[in-house]
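What follows is a set of structures to go through.
In what comes next, subunit A is part of two complexes: it sits with subunit B in the first one and with subunit C in the second one.
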Partner chain A sequence: MAVFIVRRLFGLVLVLFAITVLTFLIFFATPGVDPTRALAGRNPTPETVAAVRHQFGLDRSKPAQYALMMKRLFISRDLVSYGNQALRVVPAIKKAAPVTFSLVIGAAIIWVVMSVVVGVLAVVLKGSIWDPVLMILALIGISMPVFWLGEVANLITQDRLHDTFLFSWVPPLGYTPLTENPWEWFKHMIIPWFTLSVLYIGFYARVLRASMLDVANEDFVRTARAKGLSERRVLLRHVLRTSMITFVSLFGLDFGVLVGGGALVTEVVFGLPGVGLLTFRSLQSLDLPVIMATVIYGAFFITIANAVVDILYARLDPRIRPA
Partner chain B sequence: MAEFAFEPEPAGVALAPGETAREVAGKNPWLLAGRRLARNRVALAALALFLAIVVVSFGAPIWANHIAHVDPFSSNVNGTTVVDGKKVEVIQQGGGALGIGENPIGPTWQKNYLLGADSQGRDVFARVLYGGRASLLIGVGSALISCIVALLLGLVAGFFRGPVDVFISRVMDLVWAFPIFLLAISLATVLLTAPDGLQWGPVRVDPASLWIPTFIIALVYVPYVYRPVRGQVLSVREKEYVEAAIAQGASTWRLIFVEILPNVITTIVVMLPLMIATTILTESALSFLSIGVQPPAASWGTIIEDGQGLLYTRPWVAIAPGIMIVLTVLSLNVLGDGVRDALDPRAKLRLKRAKVGK
Partner chain C sequence: MATDATPLLEVRDLKVSFNTEDGVVQAVDGVSFTLAKGEVLGIVGESGSGKSVTMMSVLRLINDPNAVFEGEVLYKGRSIMDLGDDRMREVRGGEIAMIFQDPMTSLNPVYTVGDQIVEAILTHQPIGKAAANARAVELLRQVGIPQADRRAADFPHQFSGGMRQRAMIAMALANDPDILIADEPTTALDVTIQAQILELIGRLKDEFSSAVILITHDLGVVADIADRIAVMYAGRIVEFGGKRDLFYDPQHPYTWGLLGSIPRLDRPKQDRLHSIAGMPPSLIDPPAGCRFRPRCPHAFDRCETEPALEVRGGGARHLDRCWLDPESKRAVRDRTIRGESAAA
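Entry: the complex of A and B
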């Protein structure tokens, strides 16, 4: 087990290094693309271009540029934004990360609970009309673009039904930190949480249903029934528990993707100042250092989540270890 | 127990519910799959809906030029249009809630400005039709490119194994480790920093070209198709008939394309509708972030972004393209399930048995 973990961690470091190189190459070495163009404004004079290139170190060799960038990102942590020289990238990400975590953790709790409920209900109600109805609803949830759903939610809760008893409690778009006022924080987050979780409720409910029906064929389930266990106990303690192995590994990956940038459009729609919104603002001004830093931050979370899932999975299922 | 459970299955062919071994034996698997799909009403309805959306979207020029007589690509801020026989301004001044600002015309429910105008005075309905054309072209195009590239890489890696496989698989792992959405965002941002277009040798790419989002989205999804394809090639390669072909002295070319490819292509066919659904959603998100389809061209995502500022006054601008996305993606998801059941009835069979066993 220890050897497996060490090997996995070594692989993790290699992947992270490759990701920083790839990100750097995309932003600063794509043929035909000159990052100074984004900096120097429209139709700059050649002198301006040269000055800007020198100022940002873009006239050095590519490996030197990469080393400088990484040093400023990880060691001295003083990488500054192109657009706003007072904006330090690393502290800006540190400040934004709690917002993204608030959004994703809340949504994750909702989607795990709801999808288990919907998935188990669909299995229990199989054969009745409710199973296909639930599965169609799940499919519709999967088919909705989250940013559109968010806009519809805003339309209803901020405008059309805002003055009714239903949604008069909804505060204007924005964010209040948990440490400042937990109740306000909760009120700001509840609509984004549900919006973000809809897709995952649909997806996980379908996966769980299929996996439970699959597991229900296994011999150990027949044995459990033959022992005279109640149907409820068989379903929850034997079938559901086994099905949760797939569920848990999927969850780890999706959680990593969301923290690492997947929640970007949700943050944009609800005006939540997380890492996603920071990325989006920098996109609009083509602020390459900020975008590069947020992309690397996101990639870190996703690869680390992948590694954690692999290690946990190996703990849960020893057959995987030798691989 | 289900009635088909004890019937011997012909080697390599799975039976769908209601089929007997005799019906299936010796038949072309594609014919069988087509017949199964034709019996699946839900999947057929989804296919019809998808085709209807395609036809309507590609009929956009007919609607704009011959029925509504509007130009959905140039701004029409000072223009007028005729509603109920009266001439009205497309953008009314001071029409907002406070009596200030500009207020584009709302849905007229007639041919011109059926769903109203956006903040540039352009006909939203005509834009949604044209937007569908762009979204579908990018979605289908990138899914096809992605599948073809992944198929070729998977065939080469799985067939030759050894260092070739290691190299291709490591590159794929790296792209896989990268957050897809962020990779797409990075590529799109960088390619859009060149305002005059890109020049790669003899190839010139205009920043407004639909090829940019198409290639970006195709690229990021290659590993998702590559992994199952490679796995399949590795297992098919060990089958007896491939060994027999090797023993007969078949060329590498023939082994890959005649012996192995036909047995791997079902994986691609099953994945394709779901891939298109995914690529359409990705394109809409990129366009919503204004790094996909560039104005004045439109895709569904671009129109939702245009409608963001008008959300509370003219909600149809944002709602209509969203409904089109949901319908398209939903029809593709249902169709994808149907295709999977038709080509791989075992998946469904297992579920059936589970139900009977309960």
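Entry: the complex of A and C
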């Protein structure tokens, strides 16, 4: 276990290094992004420009600039945005992360529960009309892009039907922290949760159904039946449990990607000030410090999620557990 | 109801067919046999002869919606086909247990061997978890797993093939079944392990006083422990008799072919291992008359009509489906078994 953790941490450092260097190089290889212009204000004198360049280390060599940025990000933690010098990057990420976590964890709970229900139902109802109906619904869910679904949800709940009894409870777009008012938090999050989870419910239900039908043909399922187990027990304890191996490894990765900023579109559509929205804004203004911070944040969670998946995988599948 | 004269298991004219895109596959076509308490019945035939389908039907383990069943399966005089699902589950694993060909894939990889045996026990016996655990360890010890208490906590992948099959047998015997159906229990194992497993089954059937149905494609496997042997070909029983009858006085040319294909050290060395010419017939459109006719070196006009399974040339309880005259048969038989051409 200790070896595993050390190896993972080493891998994490390597990934972070590679991805930050890459982000850094791409930024400076992009034409027309000289950050001095944003930093020095309108119509600066050449002296101001030179002073600003010196202050931010932009007159140094590229490796030195990279080192300086990493130092200000990780050690002194006083890296500021190029666009808005009042915006300190590290506190900004710390403030945005809980929003993203709220969104993604809630959506993940919904999508795991719903996709297991839909997938198992489809397997149980195989041979009837309901199996293809469920699978077509799942396909529709996968086909609806989040930006479209989110805007439609907003159109209905914020505008067209907002004044009816159905959606009058829906608060305006935005976010209330859980610690401040749990009920408000919940009301803000519920529609984003469902919007984000629809795609995953469809996808996971289809994957789970296919995997369960696969496992149902295995010899050990026949053994389970020959033991005299009920169909329900065979399905849940033998077929579903074994199918969860695929399911969980997919889930870990998707969850990591979403926590790491992949829920960007949902956050933008619903005006949730999470890491995705932060990334979106920084990308619009090509704000390297913020981009760098969000990229590191994302890579961190994706790598962690990967490690967690590997641990879970070994828990679920004893065959790959070290003896 | 069930008297002493009632056989433990009776299969009457069982027919199983599958509707497929290519037509109706008649996998089992009129199989009948009985099994007495404590008896060992061997069912021998090549792949696709319907032996596994017959036994899976007895346990109603075929849940293919395209399967059609006809005929009767009576367990202690009661029709299995008419049992409710709950009662059928009590029979499965409780009164009739089954072990399968491939022990590598027949155990669930995500649960320990002990847990899987405990599950079988708790499904049928109203005892506590601790008692079931103790019983599982005891069963593993009985099937010859060393350090059974420790190995019960192992996962199937930590067992060798032979040990897994032992664990499967332990699981099957967990509820003292009246009948143990073993579907090619040794096919996937090393030869040295095969003998051990057969010896184990032979010993445990006495300890647990279970009847055994042993399905195999290898006459050598049933030679030791079977009391009676049924030879199946293309969905039908072509010969059925006591073990001695079948080995020393085989009546059907297909049985001769099976006997001839066993390599033997007490016969002159042949250039090639003898095999039965041709391929097993299609079960969608089987040949008219005797099903073995296209491959039989002794076929003649009369074989175009189907011979019934009845006593012909053999002893009193020795049935076969062959039109050949019992007297002239004996002459060609030994030559066929030795693999010499019938024309020679």
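What we mean here is this: the second predicted complex is superposed on the first by the 277 of 323 C-alpha atoms of A that agree within 3 Å, B and C clash if a C-alpha of one lies under 4 Å from a C-alpha of the other, contacts with A are read in each partner's own complex, and residues count from 1 in each chain.
Definition applied: contacts are C-beta pairs under 8 Å (C-beta built on N, C-alpha and C of every residue); 3 or more make two chains touch, one makes a residue touch a chain.
Computed from a predicted structure; not experimentally measured.
Once chain A of one complex is fitted onto chain A of the other, the partner contacts of A:Gly127 extend to both subunit B and subunit C.
When both complexes are overlaid on chain A, the residue A:Leu229 reaches subunit C alone and has no touch with subunit B. In the superposed model, A:Leu22 lies in contact with subunit B only, and not with subunit C.
Using the contact criterion defined above for the overlaid structures, shared-chain residue A:Arg241 touches subunit C, although it does not reach subunit B. After overlaying the two complexes on the shared chain, residue contacts for A:Thr30 are found with subunit B alone; subunit C is out of touch. Of the two partner chains placed by superposition, only subunit B is touched by A:Leu213; subunit C is not.
In the superposed model, A:Ile191 makes contact with neither subunit B nor subunit C.
When both complexes are aligned on chain A by C-alpha atoms, subunit A residues 127, 222 touch subunit B in the first and subunit C in the second. Only residues 59, 61, 65, 89-94, 97-98, 100, 102, 105-110, 119-120, 123-124, 155, 157-158, 168, 171 of subunit C touch subunit A when the two sit together in their complex. By the touch criterion given at the top, residues 173-174, 177-179, 181-183, 185-187, 189-195, 198-200, 277, 281, 284-285, 288-291, 301, 304, 307-308, 311-312, 315, 318-319, 321-322, 325-326, 329-330, 333-334, 350-351, 353-355, 357-358 of subunit B touch subunit A in their complex.
Against subunit B, in their complex, subunit A makes its touches with residues 15, 18-19, 22-23, 26-27, 30-35, 37-38, 42, 126-127, 139-140, 142-145, 147-149, 151-152, 154-155, 158-159, 210, 213-214, 216-217, 222, 257, 260-262, 264-265, 268, 279-280, 283-284, 286, 288, 291-292, 294-295, 298-299, 302-303, 306. Residues 127, 218-220, 222-230, 237-238, 241-242, 245, 316-319, 323 of subunit A are the ones touching subunit C in the complex.
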